[in-house]
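Read through the structure below, which is laid out as structure tokens, and then see the notes.
Labels A, B, C, D and E are assigned to the chains in the order they are written; within every chain, residues are numbered from 1.
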């Protein structure tokens, strides 16, 4: 109905089924069309960066769990890499492999969640999410087996990993990796060619390659827009150059492309885990570091390719046992830089789908 | 370090053997008794002496006659109310109680059924804690809902806010009136049954609008607007689809339509595939169920028009939603699946059981849709209604009209003419849908399934251009 | 050396920048380039447009409170050439620090600059929408500053929940 | 006691009268339209009453003439409502009011 | 002598129909007025049922309770500022007087008039049977020209409404 209408403000969130946490959008709408959008965040702000200035380097690792609580392993890894770079700690080979295995498992878990909630945002009544949870559950079981926690793993340590996986871990992960490709094909069959999902996802929230780079987008957002950028290839940490895998790149830059990219990344991650398991060397899983690590004054910026993209940790040392400054470059927050570009002019359902394809984690936005 | 937890499953609760045996025994006994009575009745030995348990309608008929007799013999003080007032009152009470209890009981069970079914579809268990197999879950839910505080938002229109939950219940219950449950078992067998149903269900629109408008909430208003837009759009193809049923069977009375199907030994679903599809799809739109649940799109507008309702007021909306879904299943079963008839088997099995089975089947389809599909967008649905369903159902109506007039004039066995119609209608449905979809620009074979490009190298804009990522958008 | 593996040394960046944007460079180490804050936008513009440096993406933006001054750190990267550039703007003023915004060059700076402003109190002139982000308008002080807890009135006693009531956030 | 033709005619007249009052007294164009619809409704009731009591059920030359008339009235009412409401919306959009006292476009 | 049920139904439905029609006049809020109007229409449909007009009653509910109020509600919603007010104009006194006078005069005439056989007939006179077939025959037989004209009128109204409300295409 295109008749006389006047714009009104719609509050989406902080409690809303599709904001995935306490995240709020103030939307100025004209009928069903969005005229302006503004995000209101901070409901989950815990001031981690300030708290970290009072704790030792090792004590800060749990914060990185709780920033991006869907990708705790990646957060652990990025922070440990930064501190290792700052303090010049060497990491044993086995630890690197284990880190790769767990980071990739975490990526699979997180992408499953992201794709499930994306389809949920497109209107499915929980079913894809439940299927995606099936694999995520098994991965979280693996985490629990290894480090005792499922969500906030606190597994990586400066100089390695906290524990060697137990004996029963290996058959479990073997069977998981054997079954995963089959399961992914099942999802692809169910979802990729789904007529309704195509109708809802294609042409929604388009971001051009140029905009994506300029807007500091990272991860599946950037790759969905056609830019082949993956830190695992560009800046191989933890020996990622040893593994053979490919970067999926979208063709159109819309929400559906991001969905496809995530699905493909799960496949590639399975490949990486398989290779890492095959080549897992024996040896120590950790380097001994002093209890109170006191790196020389200086700074380090280390980044890993988390599930949501470039997860950077900027750590400044003044020679003390606590970081002088600790900053998390949060991909969830920065991926929202182009929210206005995606949402303005779109209809409300499209904007919700576009927001779902960004895959935000509010713990990481607010920190 | 935890134990091996891979492949861990919830312990499967097994049905006690004794219970299963008992259930089987009861079922077999029920069928046996029914068959025996049916045999005796058909045999003629009990005819006219005792009413047939397979048809409660006969029993009620006899009750009425007996009451009228008594009334005529013994004049009472209330006779100024008319000659048949006792039988009117008694049958009205009986029928109303029957409908209310059947629909109410079905609603209670359906909540459980739907949640269990969807749980199964979503590889989880569904409610299984309250009572055996979680069967008491709906009651627990109801108790919880009743206990909850009823909130009214500030700035809400008081009267209009409190009316809709009750108001919306009326069409849902009244619509059950004309459904025939057996040969003589229709509570309100009006001659203009289908028109009556359409009219009654159109009353829902206003209640929904009242709920959405009076809530003083943007989500609710958006939901109400969406509902109204959907209902207006989808009422047209729905009515046209029902009209083709009326044309072919020559009556708007539901019992006559079922009898028509029964005498010609055919289900209208076989004769009118396009009408049935149109009806079913439009109904999902009117019901706000996936894939057309845009009016209550949870991920977009939270709960649509009943966002602000809490406690049992919400419970009423929820119950009405389920009840309407059940009603659509019932109407589908009645109009397109032969109602209470089952190719002569209704002589042996009570009609209401046949109808119940058919309703369950149709309802399962609705649950299946809900458990499977994502949601369309409002404009896509509108486009589908106006550009696809309405023209197609009009063309279908034209074909059916020709067939109906042929059927009325052609002196040939039903199996010939109706078989011919079935072939023509199926062919027409397939061709129409296919060609119209192509005219609308739907060509799936031309678009390859999109797959991401796989690459080994990294790079920025130049690499993106090399890979062939198109220049999407401009510098915004 | 803590420098990232693909990081250009500060000296290598400083030379072309000094040629293009005179008197912008304060100092160049082997890790980063220190830039006069008032010229930071020009420097970023040059780094973004220059074909060799090609710093098309602003990877990270944050500020460090050095007690007497603020360092605003820009991690830039070129995706095509796969290198990283670290630029620091040293803001000497500690009470009311401000410098030009990078939003004209990088849209990715929109939220990051808001975050820095919110938590550090560094004003970015020319930012289109510089408001508090995590905290509300009127929150006393900037919590990531080193002296935040030393200022008695800044003990976060949460006087009230002020925004929206006062309409500060209304657009 | 019984219900007769005159009862129905009286009710129809009352509904019609209220319709007149609304149509004349209301400022809002949509309210005026409601009044008109009420008037039509009263007329419908009269038609049906005559059809029922006048024995038109059986009249050989014009069976159910009253009913047919009502069908046409309903048709016209629907058409009228659509156009009138479209005009109300249009007038609002052009002149920012649906107050009939202020809509004097055709007065001069 | 009619049965009491139908008498009760008649008086009840009449009261509701007339009362809610008066309510339309008195309501302050236009949305309330629409709701009361629907109530009046539904009650009138009930009166139609007492007159053995089942088809017309269903059609009345469908059109007057389902379609027209929705149109009105949309119109009210689309005229936001003036939309909610159901105020009276200058002609309120003449309007009420005229309407009341009409009702009274017609009622007096209806009651006093000599209706012949029709006046003596009661509702119990004929059994309830369907009218849909007969109406269909009449519409497509004796009144087919009027039927066609009405369909053309509907089409014209449809197109007219669309043309009126359609916004100009952006150039």
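By definition in this document, a contact is a pair of C-beta atoms (placed from the backbone, for glycine too) under 8 Å apart; a residue touches a chain by one contact, two chains touch by 3 or more.
What you are looking at is a predicted structure, and each value in this text was computed from that prediction instead of being measured.
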### Query
Which chains does subunit B share as contact partners with subunit C?
A
### Task
Can you give the shortest number of steps from subunit B to subunit E, where adjacent chains in the path must touch?
1
### Query
Counting contact pairs per chain pair, which pair wins?
D-E
### Task
Taking the mean of all protein CA atoms as the centre, name the chain whose own CA mean is closest to it.
B
### Summary
Cα centre of subunit A to Cα centre of subunit D, whole Å, reads 64
### Task
Provide the C-alpha centroid distance between subunit A and subunit C, rounded to the nearest whole angstrom.
24
### Query
Per the centroid of Cα atoms for each chain, what is the distance between subunit C and subunit D, given in Å?
71
### Task
Averaging only over C-alpha atoms, locate the centres of subunit B and subunit D and give their separation in whole Å.
36
### Query
Which residue numbers or ranges of subunit C touch two or more of the other chains?
56-57, 79, 82
## Note on the structure
Check: subunit D positions touching at least 2 other chains come out as 89, 92
### Query
Among the residues of subunit B, which ones contact at least 2 other chains?
458-461, 463
#### Entry: Residue ranges of subunit C touching subunit A (in the complex, touch as defined)
2, 4-6, 31, 56-60, 62, 64-65, 73, 75, 79, 82, 86, 106-112, 115, 119, 133-136, 143-144, 148, 169, 171
### Query
Considering the complex alone, what residue numbers of subunit B touch subunit A?
1-8, 118, 121-124, 218-219, 222, 229, 290-291, 293-294, 297-302, 370-380, 449-461, 463-465, 467-476
### Query
Which residues of subunit C touch subunit B in their complex?
54, 56-57, 78-80, 82
#### Entry: Complex contacts: residues of subunit A adjacent to subunit C
26, 28, 36, 38, 40-42, 45, 47, 49-50, 85-86, 88, 211, 213-217, 227, 229, 234-235, 298-303, 310, 312, 314, 316, 324-325, 327, 329, 333-334, 336-338, 366
### Message
If we count contacts the way the header does, which residues on subunit B are in touch with subunit C in the complex?
### Response
458-463
